[in-house]
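Shared chain: chain A. Partners: chain B in the first complex, chain C in the second.
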Partner chain A sequence: MDNGKLDVTKAIEAVKRIKDIVDANKEYLTELDSAIGDADHGINMSRGFTKALEKVKSNEYNDIGSVFKDVAMTLMSTVGGAAGPLYGTFFMKASMKLAAQKEADLSLLAQAFREGLQGVVALGKAQLSDKTMVDALTPAVEALESAAKDGLTLKQGLEKALAMAEKGMKDTIPMVARKGRASYLGERSAGHQDPGATSSYLILKAFYDALEG
Partner chain B sequence: MIGILVVCHSFKASSGIAEIALQMAGEKARVVGVGGNEEGGIGTSTGKIYEALLDLLDECDGIVILPDLGSAVLSAKAALDFLEEEQKSRVLIADAPVLEGAVMAVVEASTGSSLEKVKQVAEEAHSLKKLRV
Partner chain C sequence: MKKLINEVEKVVEESLQGLVKAHADLVKLHPSVRAVLRVDSPKEKVAVISGGGSGHEPMHTGFVGFGMLDAACPGEIFTSPTPDQMYEAAKTVNGGKGVLYIVKNYSGDIMNFQMAADMLAGEGIPVEQVIINDDVAVEDSLYTAGRRGVGGTVLAEKIVGAKAEEGASLEEVKKLCERVNANVRSMGMALTSCTVPAAGKPTFELGPDEMEIGIGIHGEPGRQRMKVKTARDIVEMLATAVVEDLPFKAGDEVLAFVNGMGGTPLSELYIVYNDLSDFLEKKGIKIVRNLVGNYITSLEMQGCSITLLRLDEEMKRLWDAPVCTPGLRWGM
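Up next is the complex of A and B:
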């Protein structure tokens, strides 16, 4: 019976959808990264989530925290770029909130993603408008929290978060990068959408799609 | 003894820098390079850094990490999070030009200086001048 929450099956489905959507956008992410970075984001993300999917498929899980934790550990070691420790930390911090939980409703997932975002900020030291994944993740997490407060379902909350992440992602286009490889370009980084904000949007999209069943 | 861990996006770069730095100190210091992603391509791997740290922590009283660019710093910080508190307290990350910093750090380490002092000297590599007026 589908209660609309994120359980182990759907969490693994989300990892599969992330892998698929990252693969489908591999060239696109790499193209964005070649404009302002080192042109490896698509390849790195694809490698990381391919390994993460292999990992979670090969294990049995009793709680969603353990799924997130395995994703975190795999990303840390296999992505190869800054996205590895950053997304690794996102999933690791989120996994702590989800430890021993069989499923997550909107409120719990919002808390877990908030922890994840705080971990990313603590590690990368990026602020809003630095032209990073934080610009997509922050409005998305805020949307999840406000949707939880309004008593919406997980699916509805993720839909709102996705819209805010997309806006946040597009808002990075005129920004001048102050963090990451793109910051070496200074003013020349303006006019390009940030690859990290883009992959963050794609990850949220995959979570939303996974709940579709 | 204080060990130096050079973290680069390329294993060749990291081991080359370690080799150059070690020439300054011979047997009196430990310098190890770690670099590249899991598959040996350009990148950094938290797992590889973590393993290198564990090896060095066994042999050394403290470790100064010299990362090259952005993700090397982030991967190194993430690797630190996997260490025990006691181990973590023996590791510092230096904000320094990686080759110059490694050379200066090794020389300082070979004189028996403290962890903090080795890190500080590595960071002073920022002010090294190669061309004199």
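Up next is the complex of A and C:
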């Protein structure tokens, strides 16, 4: 029975959708990263989520927190670079909020993603407008929270979050990078969309698509 | 893309297997994680461990052995290794005197080593980290990830490795590593790009008559792009930036390190060394030790970097101390 919440089946479906969307955009992410980074983002994300999907498919789960935790551990040990610890931390912190929960509604998922975002900020020390994944995740999490306050469904909330993440991602184009390898370019980093903000958008899109069924 | 590889996904793995087969007397693979270990597993010393993305060979895996590293943790090409590699490698080689991580200043390396260090500390294993950040091409400000770790890393690993081999304490080894980092400066340049195997095409495009000054070791662009100049003019640009930054002064005794990026012939590196020697002589800076060759590379990139280290008596003695690794060996 579909109550519109994120349960174990849908959480695993989300991991599958992330893997698929990252694979489909592997070259695109790598191209974005070639322009201002070191040309490995698409490759690393694809490797990480391929392994994460293998992991969650091979296990039995009673709660969504454990799904998120296995994703986190797999990303940390397979992605490498900065993306590994950062996305690993995002899923790890979120998993703590989701521990022992059979399903998440919009309010709970908003809280989990907020925890995840705070973990990313604490580890990467990036602020808004530094041209990083934080620029896509922050407006998305804010949109989830405000949608939860307005009593919207999870799918409606994710739809709004996705729109804000997309805007946040595109807003990184004119920014001058202040974190990560792109920061070495200084002014020359302006004019390129941030690969990390782009992968964050894709991950949110996968969550939205997973709920769509 | 033309490369001597079998499968793109297995580049690092097969290369490591080749390394340990070629140097079975010196190094071996860790049984469970991707790490290269000293075959003789000494226990009565501080364990010195480094790591980072692959593609810079011989650094770091080629520097495992007597008088240098106890373990090296390679990531995928140009990608930081993961925390479990550094954690497991440290647990294996720690003989009780603690672990020093030598980390190059890249966001990914910092985060992954930090996580590994946290895990070790959580188990009561003494661990320290020193961040190498010698690249003067990058402006060190609040608005960047800070200076990159480049050529100075090789010198730090040799000198600090020798100190650890003497049986120094973790605190002493760490202090020395910080002192090396405080006295070393580098800058590099590229004549061509490099191609990450999994990406399949060059990381950046340089016109046939262009070069990039201030390049990083992953093909990250540097200070500026310009028309190719003579070796003498290029040396002057790189060395001026390096000398003025510390600054190195007349009378200083230095180790001059001319490093190839992987695709430049040794004959050209000696031209660079010749010009560097003339440049420093005019400034009254004395080269008392040197290293010329491909030691911290960027796949098949053509180009070079210049590193100067201001030496004190202890650093000189430790530089001269015996070392026996796949990539660096003398005195034994």
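Assume the second predicted complex is superposed on the first by the 213 of 213 C-alpha atoms of A that agree within 3 Å, B and C clash if a C-alpha of one lies under 4 Å from a C-alpha of the other, contacts with A are read in each partner's own complex, and residues count from 1 in each chain.
In this section, contacts are C-beta pairs under 8 Å (C-beta built on N, C-alpha and C of every residue); 3 or more make two chains touch, one makes a residue touch a chain.
Quick caveat: nothing in here was measured; it's all calculated off a predicted structure.
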Side-by-side fit of chain B and chain C on chain A, or clash: clash
Residues of chain A touched, compared between chain B and chain C (which is higher): C
Which of chain B and chain C A:Pro85 touches, first, second, both or neither: both
Contacts of A:Gly124 with chain B and chain C, given as first, second, both or neither: both
Partner chain(s) touched by A:Gly157 [first = chain B, second = chain C, both, neither]: neither
First (chain B), second (chain C), both or neither touched by A:Pro195: neither
Partner chain(s) touched by A:Gly180 [first = chain B, second = chain C, both, neither]: both
First (chain B), second (chain C), both or neither touched by A:Gly65: neither
Which of chain B and chain C A:Asp40 touches, first, second, both or neither: both
Clash with chain B, by chain C stretch, listed 77-85, 185-193, 203-211 or 221-229: 77-85
Chain B/chain C common contact set on chain A: 38, 40, 44, 47, 76-86, 123-124, 180-181
Contacting residues of chain C [partner chain A, same complex]: 53, 75-84, 106-108, 111-112, 115, 137-139, 142-145, 148, 196, 198-199, 203-204, 216, 218-222
Chain B-facing residues of chain A, complex: 38, 40, 44, 47, 76-86, 88-89, 123-124, 180-181
Chain B residues within the chain A interface of the complex: 37-39, 41-48, 69-71, 74-75, 77-78, 81
Touching residues (chain side chain A, partner chain C) in the complex: 30, 34, 37-40, 43-44, 47, 76-86, 123-124, 176, 178-181, 183-186, 188
